[in-house]
Every structure is written in structure tokens, then in C-alpha cells.
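Below, chain A partners chain B and then partners chain C, in two separate complexes.
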Partner chain A sequence: MHIADGIIDTHICIGAHLVSGGLLYVSGKKMPMEEIPGVGIMGAALFVASLVHFPFAGTSIHLGLFGIAGIVLGKNAFPAIFTALLFQSLIFQHGGLLTLGVNALNMGAGAYVAWLIWRMWKVPEYIRAPLAGFSGIIIPALLMTAEFRLSGYGRGIVYLFAVYLVAAFIESAITFSAVKFLRRVKPEILN
Partner chain B sequence: MKNFIGRLILLSVFALLAFNPEINAHRINFETSTEPPVITVKAFFSRTAPLVGAMVDVYAPGDDQPYQTGRTDKAGFFAFIPDRTGEWTMRVDDERGHVDRVTVEVAGTFFSGDNLVPEETHPEEIQERMVAIEKTGTGNDFQVFYRVITGLALIFGLTGIIYGVKARQAMRNNS
Partner chain C sequence: MKHSFIDKYSDLESPVHSLDPRVKLIAVFSAIIIIVSEPRGEIIPLVFYALLIFILVLLSRVPTGFILSRCLIVSPFILAAAAFYPISIMLTENYQSLQSLRPEFKVAVSVAVKALLSVVLLTVLVSSDKFHNLLLGMRRLKMPKLIGILSALMYRYIFILYDEALRTTRARDSRTPGKLRTGKLKTFGNQSALIFLRSWERSQTIHNSMLSRGFEGEFPGMRKLSVRRTDIFYSLFFIIIFLAIRLTNHSGGCFPFN
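And now, the complex of A and B:
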């Protein structure tokens, strides 16, 4: 999910950095002060979540929590995701610094779609929650596969997408459980 | 701020999961061994998930150009023959975003005799050297723990700074 440096065309990376910078600026400007601690904690959770990995089909899949980030933070998920990815890249060399903008936009898009799904209030929660978790992974995976293909990678990359499909199902179950848990202990966080 | 506790609970659950060695393997772990004249490195996510076909660049002490490049085999192993003493670095990249480095200290005794460990070297000394090598690997659990703590501290520190700046702005606007 985290694209390393040297894979995506540099022009795309620079463009993604500019768009990410713009999004960060707008989010920072509009974000109410009382939301900042929550964004920081979710950023920390996202940073740690990627360390929880499951070996699968010769590679490793890990938690993303982008669905939960979208549900809990809504539009403010992007700064949390960007911060988590920045420190994952700096401390664990997990994803490149040049591709940070691309990665943040991919995963931010996942969180944003999850938020849109979560806001479909007429749909029962037991459908919305797993669907939001599923889209939190599958949207970034789709974008990543498209970017790899645009950068000249062969059809083998589709295999990677299949792996993330499994990750998306795992994530949807985790998101559903997390929503059920939060509904019980802190329901206002979900509104 | 009222959502703070809920989010803190969520973070704690994942922090506990992350420090569980059974499932925490979203990093490259290394096992190194030196059996003159060969240094062997095994790269793996977990005991059952070796890093297959990962790109390995070996750097000799003081060199910034690779001494040798190659890929790990089906079991995650990579081997090379060093030609000098000092700290050898291997950069391992699975080309899916997981990159890490491991360093191996090659001592003078490595090249004794016909590239064999001299007979007078006691098994305990060899064991000590192996332990010393293991400790230099960046995939070491202890180092990962500190790296996670560092990351969390930086994120919380950054959050505090942004919160402080916003609070100051709000105070200025009110006055």
C-alpha cells in the first residue's frame, strides 16, 4: 500500500506533494481547535496500526484503519493520514518521502469515501460500517494499482490488488467491531 | 476534547497489538550468521513469512557504491563473501514499500588462516561475536520499540505545537 520512492514518475510525485500541501493548508485553516487532539491521536493510531501485519500469500498485509479514520474524523482524516505516513517513512522507511504525497492522497481518498459511505444515515449501521472499512482499503489499492500500471508495470501488479482485496475484507470486519465498540463506550464519536 | 477518551482507547488497543511479537511483523526482521568465508542474512516478516525475491544491495565499509547486488532466495536467504574487515551494510527492499538495513561487523579473525575461524578461538567467543552481530541489525525488537515510541512522541509533540499555535491565534482574535 505504501509506494516506495523510484516507482512512480517524479512529476506525478511533485504534483501529488503540491495537492497534499494544499489540502493540509485548507484542513489546518478550517479545523476547529477542539478537533486537533483527536486528529493527533488518530494519526498516532494510524502510525502504529501499520505495524500490525499478517503474513499472506508470500507477502504481508497490514491494517490501515483508513475507514475508521474517515468515520471518526471525516474531512479531517487527511492531516492525520499525512502525519502518520510522514513518520512511517522517516522512522521505518515504510513508503518513500518523494511518494509521500501520492501515498497520502491514495489513503486520504480511501478515508474520504469511507466518510461519505458512513454519512448515508438511512443505510443500517451494520452495512455502513464494514462497507466504510472495505472502501478505506480498496480505494487506495485501486488507485495504487492504476498508478503502477501508468508507471509501466505489467499485469502482475493485479496480483497485488487481489492481496489487498483480502486485506479489505479483514479491515471491514475490524471496522465493524471498532464501530460496535465505540457505539457502546463513546457513541458521540461516531456522529 | 470529549472524544479524546474514546480515541485514546482505540490507540491503546492497537498499540498493544503492535507490540505483540506474534503479529507485529510489518517490518523486516533479520538473522545474520558468519561462517567464514560467507556472511548469510535471512530476511523475514515473521517466522512463516520469509522475504522472497527481495532486492539486496551490499555495501562494503566506507563505500557508497554497492559491492554486490542480488535477491533473496525462496527461503529469504542472501549470502556474500566479504573481502575486508569493518562494518558491512545490506539494504533490503521488497519493492512493495518495505525497506530496511542491517549491518554486520566483520572482525579480523574472520580472515584468519584459510578464511576459517582459527582453532584457538573458543566456541564462547564465536557465540559472543554472533550475539554482537545480531544486536547491530535494525530489525531488532528493542530498536523497533524505541522507533515506535519516537514516532508517537513526534506525532503528539507536533499535535501539541499546532494546538498551541491555534490557541494563541484564538486568544489574539478574542482580545
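And now, the complex of A and C:
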């Protein structure tokens, strides 16, 4: 999911940096000061949770948790994701500095759609929660596929999208379980 | 609390370590843009970049084994993304033989090399200074204020939360050993929620204590950075050599776009 430097076109990366910068500027203006520490800590939690690996099919996978980030942080998810990705690119070289904007927009869009789905209060929670988790992975995968296609990759790149379908189903099950847990233990965090 | 993933080699003494973090950030970011903007399929200029970066690694005294291990960790993702270039064309477009896809394979190699060179540059950057100095450098370079504050907060609490994650992972493994099964997904979900929840509660406590100490959005006592003329000279020299390689290659592509 983290696109490294050099994989996609430079002009897409620069454009994404500009859009990200604009979004961060607007977020900075709108976010009340008292919410910033919470967003910072949740960004750190996002970073740390993604370090937790699970054994899967002979290898290990880690979660994106963009669905939960969207549910818990709402509109504030983008700055938290941007900062978490900045840390991941610097500390672990997962993703690059030039592709930071692209990666943040992809994953931020996933969290934002998850938040929009979560706000459909009339839909039962057992549908909203897994759908939010699913969109947290599938939206970034869709955007990533489009960016690869724009960078000259062949139409066969859609098969990459198919790989992420499996991850999206796993993530939706985990998001559902996480939401159930939060509803039981600390329901106010979900509102 | 013992985490070796940050600041492992930041205490070494080398010409690269002594540079101002802002200068290093600008130089590395410029070098990455120059390398990445190289037209796809061009291999020769990448060899020169690799040579320069190798000299930089030697100057920084960061063990080459450590840098190689970092490259090895990310290389499966990079190689898969690069390999998808010819594969995505093979899967859908008409092609006669593998020979006819030679330009696409050349593109894949150049994409992978560019990405790996960027990884090496980032590793040298992060290993050659304290992580908080780099964050301070970014703030001094006028990164968005919100990201500056969030980074400062994140850096302070990442270790505590990581310990929390390790504790919950140990508890999970001791209670539900073995491979991933459908029933285990619930456990993973609960663990993720628990990490979020404990972080959330901690953030409330932290916020209250910060407010009680007069926090208004800025962290007091941030040390001043001073840039020397030699720092600017070395970094400019570094960028100019990269730029020279980039501009002497006229085989195609329009700078800065590949």
C-alpha cells in the first residue's frame, strides 16, 4: 500500500504534495487546539498498531486500520495519517518522501470514506462497521491502481487491486470486531 | 523500554553527521527528486548516482550491512511494484515474445533501482542525526504547523504506545497461539481496539496535564539550529553533482518529469 519513491510519475507526486499541503493548511486552521493532542496520540497509535504483525499464509501481515482511524478521528484522520506516514517513511523507509503526499491522500481518502459510511446512522452498526473497514483498504487500493495506470502501467494492473480485495475483507472483519469491542467498553469514542 | 528502530547510529561522528539537519533534509529531498525524475529505462545515469550515494554512505560511517538490511526489508514491495510494469502489459496488451518486452523490463529495472537508491538516501539521512533534530529541522523549514505539533507529540509517545502494543501482542500470542483462523480475527480486532482505546485515554490525561502547564500549541525550549557555511557548501556541492548527471543525460524526458 505504501508507494515507494520512483515507482509512479513525479508530476503525480508533486501534485499530491500540493493538494496534501492545502488540506493540511485547512485542517490546521479548522482544528481546535484542544483536539490536537488527541489527534497526535491517535496518529501515534495508528503508527504503532500498523507495527503489530499477524501470521498469515506462511508470512505476516499488518493492518492498515484506516477504517477505525476514520471512525474514531473523522475529518481529523488526514493529518494523523499524514504524520504517521511521515514517520513510517523516515524510520522504516516504508513509502518515500516524494510519495508521502500520494500515500497520505490515498489512505486519507480511505479513512474519510469510512467516516462518511460510519455517519450513516440509519444503517445498522453491524453493516456500517465492516463496510467502513472494507472501504479503508479498498479506496486506497483503487486510487493506487489509478495512479499506477496514469504512470504508464498496463491495464493488467487491475490484478493488483484484486490482491487488496482479500486484505479488505480481513480488515473489515477486524474493524467489525474492534467496533464491537469499543461499543462494549467505551461507546463514547464511537460518537 | 528499549527500541533500536530510532537513532541507532545517530551518535556516530562523521562529516555527514555534523551537517545541519535542515541542510541534510534539503539535499536528500533534492537528490531524490533528481533521481526519480530520470527518464524511465535509463540505467547508466543510475549507476553514477549509485556510485555517489555509495561514497556518501562511506562518509557517513553508517554500517553498509545496516543499510543493506533496510533495503532487503523493503525490496519485496519495491521489486513487486517494479515487476508489475511488464507484467501488467503482458497480461492485457498484445505482445509477441518476451524479447519484444525488453524495453518494459528495462523500465522495471530502472524503477526498482530508483526506489532502492531513494531508500538508501533516506536511511543515511535518518541514521546521520537524532530523529528529533530532523523533526526540528522540518519545523524550521516551515512544514505545516499542524504537522509540526503532531510530529512532536507523536515522537514523544510512540515508544510508550509501542510498549503497549508489545504487551498486548504478548498477551494475544500466549492466549491464542498458532496460525490465522477466522475466530482469531476477533482477537486481532480486540487488540487493535485496545491499543486505540488505551491511546485515547492516555491522550486525554496528556492533554489535561499539558493544558495545566500552559500549553498553547508551541513546545517551549526548542533548541536553536545554526547552519555553517561549510554545511551549505557541502550540500550544494552534493546537489550540483546530482544535477550535473541529470542534465548531461539528454536521451529523453523533460526535467523534472519522467
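Methods note: the second predicted complex is superposed on the first by the 179 of 191 C-alpha atoms of A that agree within 3 Å, B and C clash if a C-alpha of one lies under 4 Å from a C-alpha of the other, contacts with A are read in each partner's own complex, and residues count from 1 in each chain.
Here, a contact is a pair of C-beta atoms (placed from the backbone, for glycine too) under 8 Å apart; a residue touches a chain by one contact, two chains touch by 3 or more.
Note that the structure is predicted; figures quoted are calculated from it, not measured.
After alignment on the shared chain A, the placement of chain B and chain C results in a clash.
Contacts of A:L65 after superposition on the shared chain: both chain B and chain C are touched. When both complexes are overlaid on chain A, the residue A:H11 reaches chain C alone and has no touch with chain B. Of the two partner chains, chain B and chain C are each touched by A:M42. In the overlay built on the shared chain, the residue A:S135 is in contact with neither chain B nor chain C. By the touch criterion stated above, A:F176 is placed in contact with chain C alone, chain B being left untouched. In the superposed model, A:I91 makes contact with both chain B and chain C. In the superposed pair of complexes, A:Y153 makes contact with chain C only, with no contact to chain B.
After overlaying the two complexes on the shared chain, residue contacts for A:L24 are found with chain C alone; chain B is out of touch. By the touch criterion defined above, A:N106 reaches neither chain B nor chain C. Judged by the number of chain A residues each one touches, C leads among chain B and chain C. Of the stretches 75-83, 111-119 or 147-155 listed for chain B, only 147-155 runs into chain C once the two complexes are overlaid on chain A. On chain A, the surface touched by chain B in one complex and the surface touched by chain C in the other have residues 2-4, 7, 28, 31, 33-34, 36-45, 47-49, 51-52, 54-55, 63, 65, 68, 72, 83-84, 87, 91-94, 160, 178, 182, 185-186, 189 in common.
Within the complex formed with chain C, the residues of chain A that make contact are 2-7, 9-11, 13-14, 21, 24-25, 27-28, 31, 33-34, 36-45, 47-49, 51-52, 54-57, 63, 65, 68, 72, 79-80, 82-84, 86-87, 89-94, 96-98, 148, 152-157, 159-160, 170, 173-182, 185-186, 189. Contact residues of chain C toward chain A in the complex are 5-6, 28-29, 32-33, 35-37, 40, 70, 73-74, 77-78, 81-82, 84-85, 87-93, 107, 111, 114-115, 117-119, 122-123, 125-126, 131, 134, 144-147, 149-155, 157-158, 161-162, 164-165, 168-169, 178-180, 182, 184-186, 188-197, 199-200, 202-204, 206-207, 210-211, 216-217, 256-258. Those residues of chain B that touch chain A in the complex are listed here as 1-11, 14-15, 17-18, 23-27, 45-46, 48-49, 52, 93-100, 144, 147-148, 150-152, 154-156, 158-160, 162-163, 166-167, 170. Interface of chain A with chain B (complex): residues 1-4, 7, 28, 31, 33-34, 36-45, 47-55, 58-60, 62-63, 65, 68, 72, 83-84, 87-88, 91-95, 160, 178, 182, 185-186, 188-189.
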